[in-house]
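Notes follow once the structure below has been shown.
Per-chain residue numbering starts at 1, and chain names A, B, C, D and E are given in the order in which the chains are listed.
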Amino acid sequence: MSDPVSDPMSGPIAAEQVLALEGVVAGYGRAAPVLRGLSVTVRAGEVVCLVGPNGAGKSTALKVASGLLAPRSGRVMLAGRDVTGLTPQRLLALGLAHVLQGHSVFREMTVAENVRLGGYTVRDQARLDARIEVVKELFPVVAERWGSMAGLLSGGQQKQVEFARALMLEPSVVLLDEPSMGLDPRNTQVVFDQIDLMRRAGVAVLLVEQNARRALEMADVGCVLDLGRVHISGPARELAADPRLGRLYLGGQPAT
Amino acid sequence: MRIASRAFPLLIAALALGYPWLVPNYYLVYAGALTVMYAAMATSWNLLGGFTGYVSLGHSAFFGLGAYGTGLLVTRLDVPWAVALPVSAALVTALAAGVGVAAVRVRGASFVIVSIALVSMTNLVAQGWRSLTGGSSGLQVPSPFPGLHRGQTHMAFFYLFLALLALALLTWWYVSRSRFGAGLLAIREDEDKAESLGVPTAAYKVTAFALSALFVALAGGLYALWFGSLDPIFVFSILIGSNMVLMSLLGGVRHLYGPLLGALIVAPAGEYFLIALGETQIHLTATGLVLILVVLFMPDGILARFTRRRAGPSIPDRSAGERLHEVTP
Amino acid sequence: KTDEPGVAQSPGQQQGAVRIGISLPLTGDFSEPGKGIQEGYQVWADRVNAKGGLLGRKVELIFRDDASDPNRVSSDYESLITQDKVDLVFGPFSSRLVIPAAKVAESYDMLFVEPAGAAAEVFEQGFTRLFYAAPAIADDHYNYLADYLVKLPADQRPKTAAYASLDDPFAQGTAYGLRDKLAAAGIKTVVDEVYPPETTDFAPIAAKIAAAKPDVVVGGTQFEDAVGLVRALQELKVQPKLAAFSTGPTLPEFPDAVKDAAEHIVSPVGWSAVADFPGNQEMVARYREMFGSEPHEDAANGYTVGQIVEAAVNAVQCVDPSPTCQDKLTDHLRQGTFQTVVGPLSFDEKGRPEQAHMIQQYVGGKVEIVLPEQAGTTGLVYPKQAW
Amino acid sequence: MTLLLQGLALGVLTGGLYALLASGLSLYFGVMRVVMVAHPAFLFLAAYLTYTAHTAFGVDPFLALPVTVPLFFALGVAVQRLLVARLAPDNLAMMSVLLTFGLALTIEGLLGTFYTGSYRSVSMDYATRSLTVGGVHLPYDKIIAFSVAALTLAVLFAVLVKSRFGRALRATIQHREAARLVGIPTERVAGYGFGVGLATAAVGGAVLALITPFFPASHWVWIGKLMAVIVVGGLGSVVGAALAAVLLGVVEGVVLVTVDATWATMMFYVFLFLTLLVRPQGFFGGRLAHRF
Amino acid sequence: MTSLRTDGLTKAFGGVRAVDGATVELLDGRINGLIGPNGSGKTTFFNIVTGMIRPDAGRVLYRDRDITRQPPHRIAHAGIGRTFQLCRVFPRLTVLENMLVAVRRTGLRELLAGLRDRGEVERARHWLRRMGIEHLEDAEARDLSYGQQKLLELAAVLMAEPDLVLLDEPAGGVNPALIDRITGLVRDLNAEGRTFLVVEHNMDMVMGMCDHVIVFDRGAPIAEGPPSVVREDPRVLEAYLGV
């Protein structure tokens, strides 16, 4: 465990290390590309929030970043090195974690197994057990339903298990695809608090949120994605305040 | 293009009708009748498999029941064959509906198992119930056309099977453009969702199951009358059932003519392998490998190769923001 | 159509080789015996050709594989007769395939001599051109054994018998033929089991037999189940005075499969390698030369078919598919008695052979013919040694 | 009474054999969602290899296992990586039936070509004796089969349910993307999963060779029975399949000694249909119903 | 008039009492909101009402007819439509086919009727346009993004023209600009006389759109009333908003 970069639990790495998508063109099968020259940069200790209409390519962008989808052209840079085409497994070892959109618990496994699998790459049992205590505290339902089949939990509970699973490692770059979807206000708060905590710890966070006003409030940088390109980007608060943008992408009435 | 696509089926139909008169000998009539029989059964199988995605490897159970039903009515009760055939098919359909109620309770893999069990069970019954069926000694059914010589009998059955095929095709076509068919497709995709949208899934599945059994049972009945001797282990054979699946799949389960095309290829190809490689069992390997290749490289069947490829979603040329702006009052 | 009935066969056919069409189960359930029959046919053709052929024409055998499927067996004969226009057809293996095959031959007026359709049902279909080229039909296979047991002095005679039979017309025929004769003589049937071909576990059947402690155990078997039954009986310590099984013990793989348990098992057999029927030793020698192994019953049965047809062809001096010639051949077969490697054969009006099977027994690890006494190589060992 | 006891005892032992033969199936079906029709064909492939090892080198069937088990494991990995992995996941059930049906035919054809259609068997002296306890005979070959089954199942259970690999395998099948994202090498894991399934076939084949004669088409007889076992047990539950196997073995044995063989075989299917009517997910656990 | 009424609905899974004596009454022609913390039984309540789960106890009445143990398709025919929280579409059917499957089917005549009736197709396109996914008509549903699937599901339910519409988190994963439109849509449909019951965690949407809000906790309603009242209710603040 001497090489800090290859240890997923070694915590935040130096501040200049960033995730960057550079001119990424990507798509599915033979269809026309979904991402058409997308560039996004995330610095350590910074939350970058991607917003945009449905089907703009936000999830696709995250999949390219985490290695689930190979780009047709363009580069993915992680901590200053070109990681284009590496498997998710390799990227995870480099400290990158990705929480998928929708529901991705292992339905026919218990909550316990799900959470433990979050630490699949870690052999050190003691460290895992310590993390388990932390996530149990954050999400009481994880502790309460420790032995239940994860697929039987309610939608929001599953989302909590997923987030807990992702927190088992302490990655340095995190991709979150609508982490608050399906969560009640209290749990949404917990998730946003965690994101904030991560940022303070120097983690680079790339966040996709439809709860856009809320997300832009806490993010450092906002990017509006449409048709596979960054439409507008800038300091998050400024974007949130732009009335034209608000009407087109962020919903009519401002947060109450 | 349009005219061609209209004329094509007509041309095929004319060829099919003329076939027995065009070939030089009765063996080819016989082989043709057998192929048409398989085509009818595969098309019928596809009423269940193609729409609902339930893979039955056990349709030979209905084939066998239809055959034995007809044979028994004719030999034991002296019912005229033209009556025995529909009566037996109706009975099998009723039975299939009953079995369907239990069978379609399971999905996917388990249903395959159930269908295999169904053949094994019917085989055991037919074989074990010796006093009724003649058991392993078989059942001999008298020819319905005692006046015709063998070749003429083949001609007669060629047209009977052709009529059955036409009926099966027509049914498939009709179902495919009805709401019933759409409901079946929905079942294939997501049963609970379909149910919540008002598709009575259980009734639909049982109906599809029974309908598909009906034509197979009719084919079985005709087979009994034509072939004249029935033996449980051969009519209740999983291989007959798998042939239907293979043919449908090869041709393409989403297409009206898929199973027919599959039958036209598989039946002669089987002959060919047997004659070319028949000295050893390597012809089984050849068949097996062909099957594997089809599954790997033509999973949607041959016809899918000639029809539209799946295109991904189109990307709008204006941004969502602009479009939204336009429709919002 | 070229094969319209009554259309004259082209005289050109009379030249060239005599083509004989045969479908056999070369794959599938019956592939092993099917192969055996094929070898018998080949040995016969080889001999005939070496001697100048049939009526001076070479013999050519056309084989088709029916994959043990009655559907295929029909289409094979259909195509052999109508497309290949063969001069003669020979039968396939197994009663289950003979019936559909004979149907086709019958409807094209072809003579149908077959090597392996022994079940009684074969002869009840009203076939007029079918002949079974072996000494006896299934029901009569055990006749010598039945006679022997019935004639034993009262104190040695078995009192009870157990029967277990495969659900198969041939296998059941053999067992029930014996059962009916023994029962008539007062030997009580204590177990009478039929099992479907899917059966793989014979221990419970053996347990049932063990519980009845019979003096005689009879298996109406093919191969797999014969081995299964013998092993199970041995494991469950059933010790009858006589154990008889059809088919299985006559195959060369049997003793290896059951080890020492083969000792003293009896079995009906239609042919013996050591018998000195005319032509038998010649066949044995020719077989060894062609296939480099010992001949067996199936090959002999195939060979017998050839011998019988050959005799008829030579007698009526025609060999072509025309109904006239086929009629002549059929009539001739009905009349005469034929010298074959399984002994002299004659047929009744339904094509049933009128002779009897011999009984073989493993004695000292070797197959001996034990009944009838005049043909026997040693005497029947009774009661048998314990397993 | 002894007869009934005898039937019962034999049923339990035979049930053990069924459990062993079906264990691989419940792995593919339940865990990997693949309908593996070729499993019995692989069983007999293993039986033939055992036969060759025995006749050519005089090796005891069980001593051949150190060779055949790794061989079959590798074969399983190859089958998964080269064939199964290429099937579209949204139509896996249908396609895998056909694919493995093709495999079964391929194997049968090859066996028929190399070994001919003749019956083969491996008989060991120890397999013809039996242990007698209170008038009930327990054949050694069945005792051996039962013990091997118990051992294999215990190992399989440990691998699937308790081990890290087992968790990774289940995760891979349940949500492949998520599994990749927690660092599971999903392709390798799925391959190994199939390998484990075929490894059980190697063991099963050795036992089968010892117990019954076989020929290339023997496998067809087993498909229906083994599949009935795993449905009654509940797809995906190794323990369930084992319990169901013993249950069905006992029912078969008892029906055989009290009624007849046709009914005994029929019992498998009767139980199958009963299971579907009463508890479609199987009697001993099984998979979560995919609802909502 | 009452649209939907439940009396003491109860459902326990093992030890978890997901719905616990829920008595709820919805008036015809209203937009009702159903809120409550994660795991409070909202989805289970939906599942019971739509017949996908059988309750252990209690009754469901729709327009004064007892529909408690009816199969889901009957309930759908009666005029209740629903969406799923974990969005469900028919993956290998095209978007348009997804819409056409949803056409309400009752009698045998309807059943055997042709599928691509011109009127139905037009209707389907209309709904797709209103969801902003009309350009995806020929794409297979599995190729849509999560939010697009969500919109398709909503459009398909509306295609069946239900009188009572149960929506489970319609806004989850949907772009905020579209949420506004969905809100507008719901209002329009409501004006036509349809009744809604909407589960949602997006408080802006719930409070802005609903006439009546029911708050669930531990499987039963703990408060209900107009949004302005519910929002101030201390029990709600504690159980749900977590303040």
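The working rule: a contact is a pair of C-beta atoms (placed from the backbone, for glycine too) under 8 Å apart; a residue touches a chain by one contact, two chains touch by 3 or more.
Source: prediction; values computed, not measured.
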{"item": "Partner chains that chain C and chain D have in common", "value": "B"}
{"item": "Count of contact steps on the shortest path from chain B to chain D", "value": "1"}
{"item": "Of all other chains, the one whose Cα centre sits farthest from chain B", "value": "A"}
{"item": "Remotest chain, chain E as reference, centres from CA atoms", "value": "C"}
{"item": "Selected interface, D-E versus A-D, where C-beta contact pairs are more numerous", "value": "A-D"}
{"item": "Rounded Å distance, chain A centre to chain B centre (Cα mean)", "value": "50"}
{"item": "Geometric centre distance via CA averages, chain E-chain B, whole Å", "value": "40"}
{"item": "Whole-Å gap between the CA centroids of chain A and chain E", "value": "29"}
{"item": "Rounded Å distance, chain C centre to chain E centre (Cα mean)", "value": "74"}
{"item": "Touching two or more other chains - residue numbers and ranges from chain A", "value": "28, 31, 52-55, 152, 247-249"}
{"item": "Overlap residues in chain E, where contacts from two or more other chains coincide", "value": "43, 52, 84-86, 91-92, 132, 136, 143-144, 148, 175, 177-178"}
{"item": "For chain D, residues that touch 2 or more chains besides their own", "value": "112, 117, 224, 262, 265, 291-292"}
{"item": "Of all residues in chain D, those that touch chain E in their complex", "value": "90, 291-292"}
{"item": "Parts of chain D lying in touch with chain B, wherever the complex brings them together", "value": "29, 33-35, 83, 86-88, 91, 93-95, 97-99, 101-113, 117, 216, 220, 223-224, 227-228, 230-231, 235, 262, 265-266, 268-269, 272-273, 276-277, 280, 290-292"}
{"item": "In the complex, chain D residues that touch chain A", "value": "164, 167-168, 170-171, 174-175, 177-185, 236, 287-288"}
{"item": "Touching residues on chain E, where the partner in the complex is chain A", "value": "13, 16, 36-39, 42-44, 85-87, 132-133, 136, 143-148, 150-151, 168-169, 171-180, 201-204, 207-208, 240-242"}
{"item": "Footprint of chain D on chain B - complex, ascending", "value": "49, 53, 55, 57, 102-103, 105-106, 108-110, 112-114, 116-121, 124-125, 127-128, 192, 238, 242, 245-246, 249, 280-292, 294-296, 299"}
